[in-house]
Amino acid sequence: MSKYIFKRILSLIPIVIIVSVLIFAMVRITPSDPVAVMMKGKKITPETRASIEAQFDLDKSYPEQYICWIRNIFKGDFGTSFHYKQPVLSLVSSRLPNTLQLVMMASLLALLIALPLGIVCAVNMNRMADRVLSLLTLIFVSAPTFLVGILLMLGFAVKLGWFPVYGAGHNFVENLHALFLPAVALALNMVALIARITRSNMIEQLNAPYAQTAIAKGVPLRKVVMGHCFKNALIPVITVTSIQFGGMIVGAVLVENVFALGGVGALLIDAIKQADYPVTQSITLMMVVVFLTINLIVDVLYAAIDPRIRLDA
Amino acid sequence: MKASDLFGHRPMFRSKKRKEGVLFTVPVILSMIVLGALIFCCVFAPFISPYTESGQDRTAIMQGPSMRHLLGTDRVGRDTLTRVFYGGRTTLISALGVVLISIIIGVPFGLISGYYGGWADTIIGRICDILLSFPSLLLAFIFVAGFGRSQLNAIIALGIVYVPMLTRLVRSLTLVEKNKTYVEALQSCGVSDFSIMFRHILRNSVSTITVQLTLDLGYAVLDLAALSFLGLGVQPPTADWGAMLEEGFTLILMQPMLSLAPGLAIVLTVIAVNIFSDGLHQYLEPIQRKMPSFKSVEARLERERSAQNECNA
Amino acid sequence: MSAMLEIRDLKVDLMTQRGIVYALQGVNLALAKGELPGLAGGSGCGQALTAKAIMRLLPRDRSRFSGSIRFEGTELLDAKEKYINKLRGDRISMIFQDPMVSLNPLMTIGDQIGEIYRIHNHVSKAEARKRAAEMLELVGIPPADKRMKQYPFELSGGLQQRVMIAIACACKPELLIADEPTTALDVTIQAQILDLLKTLRKELNMSILLITHNFGIVAEVCDRVSVMYAGRVIETADTRDIFRNAKHPYSRALIASIPRAGGESEYLPTIPGAPPRLFERINGCAYAPRCPYACDVCRSSVPETNAVSENHTAACPVMMNDMAGNI
């Protein structure tokens, strides 16, 4: 098991290296001029320009700049932001707790609602309850996260005043309240997707021969569903959930924008608009690494669920 | 004799005569009507609407819905409904572009990868792995960060984001088809690989691919809107649903219709596309199809029989 | 002889993608305590469906049925789900064709055997485990304590089928329905499984309804056999009787097509054509289109089932008229 994880981590290293090169190349291909953006369009002398370029390693060749970035990553500060003139790591780490809590709350909410919903739909396939719920999930799959956010904000924050209209709280407990609407907005889309995938997989499992065996054994339907089929339907559900988790990292960007939460996502978008290379590159790379790590955890989870998957093989 | 005459193709929609369960269920018909109406309005916007895309009317700014302006006006007096129509043109054409790009790249790659296997498969698979290590829209963010914020770049970026999933789908379908006897027969007849891949294997997998593409179309509308909402896609003053939503969002407390109208347009479009895709999927996937009742089928058989008798008489 | 299970005029219609299939068109069958009858016929002739109807395993929204299935005097077709659930696995059990897919892949063998015992006897987990170990010994899969913790995929097909049998017999059912229990297995394993069923029948004193398309198996294990064709039972007789004196041309054809070592001909006789697809109710003998002896009577009305002798009935007007049987 640990040997497998070690092997997987080793195999991730080349991917991360290629991804980092890709990110670097894509960001640097830009036609915009970061120095001009930094100076906010003010005219500057060639000497000032040269000194700024030297300060941020912009005078070096591309391969050298890449090496510098990688060196900064290993130094631990991920480089210095053009815009904020601060190490990227401290910029990210001050914004990370909010984003992390938002994503966690949303995932928890999503799973708690989606799994039972999908199962209920599957058991009552094509009956009234299934049709109504399926229609609802269809609507939420189709609604853009930011629109749901805007509507929730209008309804529950502006009209009813139950939640703050924008901004996050100062600590975890305050955030449970302040981040509730953003989390719901972020979760609804995921709820719909996971519920749909749970439904179709449960239907498949309920029609599988082993489910028939269980029924023939006299196992009550409830236990057939929960005790036999659910576990079998779980693997594709986990796959989709893990992909959706990646979607959530991006969805958080949108929701943070709507509710002015100032998290990591908002930082990334601002950095893209301001040609703040170190921040753009580093946050993107961090998100990719997080995503790859989640995928690794999911693979280990598969083996825990299904004895047929042998990790050390 | 052409080889395709020898080897029967599975028709995309099997003849209705021998099959219970229909494609054109009430929801599917409704969704097609909605989509048709939307497309009609967008295409014929100049003829339907008395206003133009950017015609400003300083005497009527920030108005609510009225007889003159059915959905009100924005802060420079442009008619919202008209802009929704024109925005639909931008959004729908962009979404089609995204799907088209993913087809042009994804389908041949998937076919080659599945058909030839070996090193071609390995290389294509690795490229997909790299692209898929970016969680959802992140790759599009980076792409837009590098190549500049514009509609065209957003389309290309999303097109590329959609490629790996489509490639994998086509690859797995090709693997299934490749091992069927008809492929062997074609090979023994000396039919070229190109022809086998694009004329035979592709045609036999087209129904599954179509379902995926309709789904992708819906996602493309959503993702494009997200990019525009973040200011990374279509730039104002071009009318686009996502961009309009973003513009309207800043004024949401004064005139909610400005962001709700394009939002509603997005939701309606995506729901309609998803229902259509869902209907198609259920039609092609027997397990989940709702079966008609015995009564209705027997009544139909009876009608057919009596009609037959009348014909004979 | 009082019947433990009695099926009368069972009709089952199925809704499929292609339309309504009139799968069972009036099945009559009776089974006494301790018997081991066979239910034979080509694949798709309705034997498996009959078994599923007894177990009430047919999907509610895609099937409808009429007629009567009585088990120890109680009607099963309209019994409450709760009652059926008590019956299933406890008094009537079933084993399926393909053990590979019929066992839950993510549950240990011990748990799968224990589960059925726990549900019907409301005992502790430890007791269920003990029972599961006993059952594993009984069906011949030692060492029980090691096997208990294994998953189905770790066993061979033959052992998997033994596990299925262990599950089915854990509560000492009165009736075991075996749906082609050996079809998915090697020939050598087949014999072992059949032997096991014969032994268990004596040991647990249960009846076994053996569904098969292989008359060789019927000859080997069954006391009696009912032959099905196109959703009807066309002939019922003691095994010996049917091999000597089959009345229905279809039964004869089936018997003729058993491969025999040292047979006089090197060609195995086959039956031309295929069983009809039952998209409508057939008025007349369903076998008539393939039958060399068919006459107008066969095509115009459904043949009645008549007694040939004691314990032997057949539904073929031509053969019945020709009692000499020397066509």
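Letters are used for the chains, namely A, B and C, taken in the order the chains are written, and counting of residues starts over at 1 for each.
Note that in this section a residue touches a chain if its C-beta (ideal position, glycine included) is under 8 Å from a C-beta of that chain, and two chains touch if they have at least 3 such contacts.
The structure displayed is predicted, hence computed values, not measured ones.
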- Out of curiosity, which chains are bumping into both subunit B and subunit C? A
- Identify the chain whose mean C-alpha position lies nearest to the mean of all protein C-alpha atoms shown. B
- Item | CA centroid of subunit B to CA centroid of subunit C, Å | 49
- Centroid spacing, where centroids are CA-atom means, of subunit A and subunit C in whole angstrom: 54
- Note on the structure: Here the gap between subunit A and subunit B, centre to centre from mean Cα coordinates and rounded to Å, is 24
- Residues of subunit A touching at least two other chains: 126
- Query: For subunit C, which residues are shared contacts with two or more other chains?
  - Reply: 61
- Message: Give the list of subunit A residues in touch with subunit B in this complex.
- Response: 15, 18-19, 22-23, 25-32, 125-126, 138-139, 141-147, 150-151, 154, 158, 200, 203-204, 207, 243, 245-247, 249-250, 253-254, 257-258, 268-269, 272-273, 280, 284, 287-288, 291-292
- Message: Quick check: in the complex, which residue numbers of subunit A touch subunit C?
- Response: 126, 208-210, 212-220, 223, 227-228, 231-232, 305-308
- Complex interface listing, subunit B residues touching subunit C: 18-21, 286, 289, 291-292, 294, 297-298, 301
- Note on the structure: Note: in the complex, subunit B contacts subunit A through residues 129-130, 133-138, 141-149, 218, 222, 225-226, 229-232, 245, 249, 252-253, 256, 259, 263, 266-267, 270-271, 273-275, 278, 287-288, 290
- Message: Quick check on the complex: what are the subunit C residues that touch subunit A?
- Response: 55, 57, 61, 85-90, 93-94, 96, 98, 101-107, 115-116, 119-120, 151, 153, 164, 167
